[in-house]
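A single structure is presented below for examination.
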Amino acid sequence: MDLGQFILMRHELLLTIAALAILVAEIFTSEKNKSKIINFTLVLFALVTFIGFIPGETGNLFGGSFQSSQLTILMKNVLNLAVLIVFLQAEGWLRKPENADKISEYFILTLSTLIGMNFMISAGDFLIFYIGLETATIPIAGLAAFDKYKSQSAEAGIKLILSSALSSGILLFGLSMIYGATGSIYFADIATKVQPNALIALGFVFFVSGMGFKISLVPFHFWTADVYEGAPINVTSYLSVVSKGAAAFIFTIVLFTVFKNIVELWRPMIYALAICTMTIGNLFAMRQNNIKRFLAFSSIAQAGFILLGILGAGELGMTAIVYFVLVYVFTNLGAFGVVAAIHNASGVETISGYKGLYQTNPKLGLLMTISLFSLAGIPPIAGFFGKFFLFTAAAGSGYYILVLIAVLNATISLYYYLLVIKAIFIEKNEQPIPEFRSSNAMRIALVMCIAGVFIIGFASGIFEYIRSISKIFLN
Amino acid sequence: MIQGIPLEHFLIVSTIMFFIGVCGFIIRRNLITMLMAIELILNSVNINFVVFNRYLYPDQLQGQFFSLFVVGIAAAEASVAIALIINIYRNMKNIEVENVNEMKY
Amino acid sequence: MNILTLLVLIPVLTMIGVLFTKDYKGARLVSAIGMGVELIATVYLVLAYLAARKTGMMHEMLFTSDFIWYPSLNIHFAFGVDGIAVAMIGLTSIVIFAGIFASWELQFLTKEFFVSLILLVTAVYGFFISLDLFTMFLFYELALIPMYLLIGLWGTGPKEKSAMKLTLMLMAGSALIMVGILGLYYNSAPGGGPLTFNIIEISKINIPVAAQRFFFPFAFIGFGILGALFPFHTWSPDGHASAPTAVSMLHAGVLMKLGGYGCFRVAMFLMPQAAKEMAWIFIILTTISVVYGAFSAIWQNDLKFINAYSSVSHCGLVIFALLMMNQTAMDGAILQMISHGLMTALFFALIGMIYGRTHTRDIREMGGLMKVIPFLAVVYMIAGFASLGLPGLSGFVAEMTVFVGSFQHQDIFHRVVTVIVASSIVITAVYILKVVGMLLLGPLKDQHHAHLEDAKWYEKLSTVTLVLAVAAIGIAPLWLSDTIVASLKPIVTRLATVIPF
Amino acid sequence: MTGYTYTIFIILIPLVMFLVTGLLGMKWKPIVSGILGTIGMGIAWTLSLITAGSYFFGTHGAEGFQAIIPFEIKWLQFTETLIIKMGILLDPISVMMLVVVTTISFMVHIYSLGYMKGEGGFARFYSFLSLFTFAMLGLVIATNIFQMYIFWELVGVSSFLLIGFYYQKPSAVAAAKKAFIVTRFADLGFLIGILILSFVTGTFDFAKLTEPGTTIFASAASMSFMGISAMTWAMTLMFIGGAGKSAMFPLHIWLPDAMEGPTPVSALIHAATMVVAGVFLVARMFPVIHFQAPATQEIIAYVGGFTSLFAAVIAITQYDIKRILAFSTLSQLGYMMLSLGVSGYGGEEGLGYMASMFHLFTHAMFKALLFLGAGSIIHAVHSNLMQDMGGLRKYLPITHITFLIACLAISGIPPFAGFFSKDEILVAALEHNKLLFAVEYIVAGLTAFYMFRLYFGVFWGKDQHYHHTPHESPMTMAIPLMFLAFMSIFSGFLPFHNLITSDKMGFETHTDLMVAIPSVLIGVLGIAMAWILYKKESVVPAKMAKSWGILYTATYNKFYFDEIYLFVTRKIIFNYISRPIAWFDRHIIDAFMVGIGLVTEKVSYQIKGMQSGQLQHYAFAFVAGTLAIALSMIYLLM
Amino acid sequence: MNVLMFYLFSGIILIFSLLSITTRRILRAAVYLLFVLVATSGLYFMLKYQFMAAVQLTLYAGGIVVLIIFSILLTHHITHRFKHPNLTKLLMGIGATTVGIGLVITTILSHSFKAGTAPELPVDMTVIGNQLLSTGKNGYILPFELISILLLAAMIAAIVIAKKENNKNSEI
């Protein structure tokens, strides 16, 4: 292979270079200029994100271990975009004195997990997949424990690393069985050899539970809430949006390509998981007061909806999922952005603390409301379209009852989103969060989110583009 | 059957080991011992890969390499986990897993 | 530009305009102007529609326009109106116009209030002009959501609880609708070919019977919840009681009509066989609705509760009439929607105005208001008479059309339920007169009320607009009825020609 | 045939007056509304008289009086055939009713100028009067049953408004509500009757319905419900509507209470015009009832007969003069109904029909006179009760004389108008039903008795000590009294048998002496008894009352019908239907909906222990979940 | 001989695994784990995967276990003895384990494994080395590079968590 082919993995390479550049910058920056790394990184990463959007070739590398297609490139771009927003939102937090000596670490760790995710998306065999998975997980544990003098943060870190170790152990066990049954670790080989037999089923279940851990499907979700609550907000938003989104992408890709021959086997299972995930997520979200924990459970419920897309037939399901995740990125980051802004300014992160927010900070209140409505799937915001297409996909496979359950669950979810909105708009507070002005980076991030939330739904071209490249990908 | 030992026996051993690891993860009171249980799990997975490679698909070394990387990752995982455990120790002055439940419900 | 686009555009522009105003006076002024223009546009639409029909345009829908939105799913922005939609749009314009003036004095977060209110109306317009199930559903959900804030922020009493109950029940309804719509979509091309969300196109094919049987209840009950179908009506009393005046007006006056309209346009029109097969179940439910709502109203003491239950009864009649599935009864149903929309809006406006003066809605605490606030009292009586079906006001026309239409069925079941439903006119008289007697007539009960001020100019404008509309329909119903009937013909023909089981 | 187009103004003038005085009346001096209304009514009256004159005495063919429709527009179309039209139908009975209504209304308008002077809401009163007149006229000239129903309802509501004119008086409000709801209940019957009728015949038009030898009922023969034929149902239900308006037993209870309204209103609505709407309805539908639903006609006869007796008995014991007159109205209405009930169709067979209409006409005159007289008395004495009156003949000479004329008229003493019309009814009854004939004889006596009890009690008897001397009413009140007295004397000589008959053909009648003489005698007997008992103050009536005991008490309390109705409405409908339904709605249905939410929330709290914060519990859930899924998947595989 | 060796190693693995998760002294647990890992490498030797066995010995037994022991020494007194396990968790663990073992073993035993027909690849260092650096199919240069990123990231993560900060006065 010649060097020119490396253009195929430009996302990964760019990210690696970016990470190394930050490392170098860290070394050559004096103690008191550390915070300039933030600006440097933001510009650098914006550049990286932008370059990612430049259309390029697609194809396979390393004997099929690395696969690149329009769809995977799009997925990577979505993730890049999300990480860019996360970085912008993290700016204010990183400038705080207690983080002064770990700025570049935050960026490098995040970027390395992103590299892992990119490799996972492009993986053509289970080895790359697995290493990508671990690369995408292990550093996050470090990030989760970033506020290391807060016991909650430490707890989040240890819970994440141990649960993920267990889950990856179980996933590996499943992979070993699949290897034993099919004789290969390459996706393309496995896809032709899988048959519905007990060993494969067993291996597959173990695999799914490992992935379920990443997407936080019930009953593999328990870590989610604790980790989200304990981790710093900008890590939580990263976990909840980027990490989960990437996992959803990969899960879909693997199910749709590698295990497409045993689709009849996994559909009932996804069906059951979808119902459990939506319902349990909602039931837990209902009575939370900590906003991060609340969003954690809400994101679990959202994961349940993603499964509906997996049940959907072929390209429509794929499209719906990618589209939903795209919407979800903007929506959830909008919500997390508000949470982060408020937390940075006042330290409040409970729903009851949000009472009267609209009186003092109407724009943030409104933004939060719009984000939550989008999460609930209220038109004309993008969340509605995302959900609708997922349901359309599921209905396309004849799962009308599941769609009904899902929509009813969406109604329950509306209930608790409305609780937050109620706090923001309706309820009175003696001491509301004082008026404040968030940093420019945060503002840019929030404007991006809100623009995304409004544009994506109406601009049908996005959906159609995803659909066209999904079609190519699946054939 | 290579050397007169059926494949299934290896698998049985690894399976039992796997579940001993799982069991250890669930019942142990100490974070480090839980980490050890993880190592048991990974180890059993490695046995699986290697044995499948040797018995069924010796034409390539996929299983073996897989185990190789698993070992590497296990090391990375262990190092981060231990750092986190020490962090916990600094925050809580012990590493009893039961005490790590500040966040719940 | 297409007049229908304009109908949606004007409220949107108004909303933007309101956002740029400085104080409550500016906000209300902009809203009033916007909705005034909307009313004018509506009048223009009505005239244009009638003129177009007169020139012999026989298409089912007029002023249609169609933009492809999501080509791969065949989702369009497809707009168009028939006589029924035009009538509903007219209703909406009148009610929102009156509603703006009914909330003239609101000074708490005025901008937000008017924006939410107009957002709601925008969605309602969108709903009525949509020919595509997707956009229809989109506007439907959009119409429900501002309700929460409108009730929760500007309401009274247990507003948060009521707002939540209302929102959740209606959203649960929309969950059912969603399933129904998806079912229609996937069965819209039984003979192969592209699937479609377009109502007109779906109406030209026959959805497989098994699918109809499965999806009809979803769509029908889903819309029925908003139409206050027994036993899913319980959001209505609480919601209306807690909502601020203009919101009650709009919700009972217009939004509940979305339910009836949807039942008919989506559920029954597109799934006629199932509608025929299952009609009896819903006829029984609506019969209960009608009588039960009226009886419940007798026992209430809160003015808004009375009116809410009366709405249950009247909206029950709408769905009842729709299910009769003949031209006259369905004509009556549409008339009843419009009539009820107008008079219930009038009622809620008046209740709001009376409450604003006496600070109570309990009829036991008031009495003899006729002497003190004669204008409002007289208008209240007119509204009451409209509600109990006095000739010359719209209620009579609608009810009689329903009764006569329903009675044209050949079988005993339909005719017996018609008689039961007709008996509601007596019960309605009982509670209306009870209220009128206790509230307006008799000696002044509370001396604190002795010096209340009668209606201000904007209140007069608000109520007189509605009274005129009620009376106009009541006195000269023929043009409206004919317009509706003309548009009903294709639907009735379709219902009549499907093979019964 | 279009020469009658001007009749539309008879209807429109009151409507315009209603709108003008209703909307602008507040702005003017009150008397302007009154005068305007009166002038308008005068024009309408004149037009009605012209119409009647040219209709009855103009040229008409050998086939009798033809129905003329000078004006008709489509108002609302239900189906191809079921169309509500608004139009004017001129035929003998409607023209006759036009005259009755405009006459009485005009008189009342004039009378009220004096009677209502100084009352608050003068303009409102006149606007309501105009509204009522408009509605009543619309009712009588209706071309189809649905138009009739529309105006029927409007009449009901204007009656409600006028009864409740003194809206600050709780009793007036209650009476108004009662009147409205009772008649509304009856109207439901009417409505359903219309529904059935229109369903069977496919038309609302009177012209088609009453056309002799029509075939539109052909399909009715096969239809029946619960063993009773469709047409019987339809007509009986329709009769219930009529019975409600005309206050037939047992729907009579609203009429006595309706006397809470101003007295001119009682004269206009509750004596002369609205209450005969039921009779008019039956007359209008007479061919249909007679041929298609003979059973209904029987019912009508018996209900009429019973009501006349029942009301007469109650009237004897009452002291409120307006109530006495109200029960007397009931009794007379019973006569009219009975007369229709016993009538045949065509020629002399249709005597009952003619008699009924005749009595309707004469009764309107003398009963309006009685009420206006009573109004004059009340105006003078400021009380409704007989106990507060006596010896008024000295103070109110005009009222006295006119009242006496009216009493004689109602008692059937020749040559006053009541004698002729009542006599025809008795003849008709004798020919068809001996029992009812006997009843009517008794009632004739009772009528004479209670009317003269009233007369003597008010104008003779002991002279009460009045706070201020009663004085005769002003001319505005006296003129109508005199005009009506004139009518009460002479309207009996009108040739009704030539003008208003069931088949629109005139026939000859003769006074049957065998009937007339006993009836006059019995009237005289009643008067004599009243003279003995009430001319001078006497203890005999009180003693008699005591000796009748329970029966007297029951009669005095109107046989407790009000109480029964109260029990049914308050207790049963309010307490045992409405209240449980309201409760059910809040506590079962709503609670169920709320309960879903609560249960969800409860579940949410119940399962919070799952998220225990214990890493190892999570791990167990993870493993157990995986194994459970694996097990079920492998199970599915097998 | 092989058979004997296999059962010996298996016995060591199983027994010491069990002991490792049941002993109440933490250091002993670490040592038992070491035995297990060493016995595992013995199995690899038996399967003629010497390279794998060596890696197992050096990296696993030599690296990870040492790391663990260090951390034990950092956080425990040597004489520390655990309390008995929590009963609920014990039941959970045993339950899950029993079911799991039963399920997996049944599945494995019921499955008929079919060996590949392709010729066996000799396992020597050249082959391993070539494959490790090959860019084609069955080449492992990409995972190799990727894992280096992982290790770097893990290192940074471990450092950022564990490093002592100037202003804080920590115990270690």
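To keep things simple, chains are lettered A, B, C, D and E as they appear, and every chain counts its residues starting from 1.
Throughout what follows, contacts are C-beta pairs under 8 Å (C-beta built on N, C-alpha and C of every residue); 3 or more make two chains touch, one makes a residue touch a chain.
This one's a predicted model, so the numbers in the text were calculated from it and none came from an experiment.
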item	value
Chain A omitted: connectivity of the other chains	one piece
Chain B to chain C, fewest steps along touching chains	2
Chain pair with the greatest number of C-beta contact pairs	B-E
Centroid comparison with chain A (C-alpha atoms), farthest chain	D
Far-end chain from chain B, centres as C-alpha averages	D
Identity of the most central chain, Cα criterion	C
Gap in Å, rounded to a whole number, between the CA centres of chain D and chain C	37
Inter-centroid spacing, chain D versus chain A (mean Cα positions, whole Å)	77
Separation of mean Cα positions, chain E and chain C [Å, integer]	69
Between chain B and chain D, centroid-to-centroid distance (C-alpha), Å	96
For chain E, residues that touch 2 or more chains besides their own	89, 92-93, 96, 100, 103-104, 107-108, 113, 116, 138, 140, 143, 147, 150, 154, 157-159, 161
Chain C residues counted as touching two or more neighbouring chains	168
In chain B, residues with contacts to at least two other chains	18, 21-22, 25-28, 34-35, 56-57, 62, 65, 69, 73, 76-77, 80, 83-85, 87, 90, 98, 100-104
Pairs of chains satisfying the touch condition	A-B, A-C, A-D, A-E, B-D, B-E, C-D, D-E
In the complex with chain E, residue positions of chain B that touch it	2-5, 7-13, 15-30, 32-33, 35-37, 39-40, 43, 46-47, 50-51, 53-62, 64-65, 67-69, 71-80, 82-87, 89-90, 93-95, 98
Residues of chain C touching chain A in the complex	69-73, 75, 134, 138-139, 141-142, 145, 148-149, 152-153, 159-160, 164, 167-168, 171-172, 174-176, 178-179, 182-183, 185-186, 214-215, 218
Residue ranges of chain A in contact with chain E within the complex	1, 16, 19, 61-66, 101-102, 105, 108-109, 112-113, 115-116, 119, 127-128, 131-132, 134-135, 138-139, 141-143, 145-146, 148-149, 157, 180-181, 183, 186, 197-199, 202
Complex contact set, residues of chain D against chain E	616-617, 620, 623-624, 627, 630-631, 634
Residue ranges of chain E touching chain A (in the complex, touch as defined)	103-104, 107-108, 110-111, 113, 116, 135-143, 146-147, 149-150, 152-154, 156-161, 165, 168
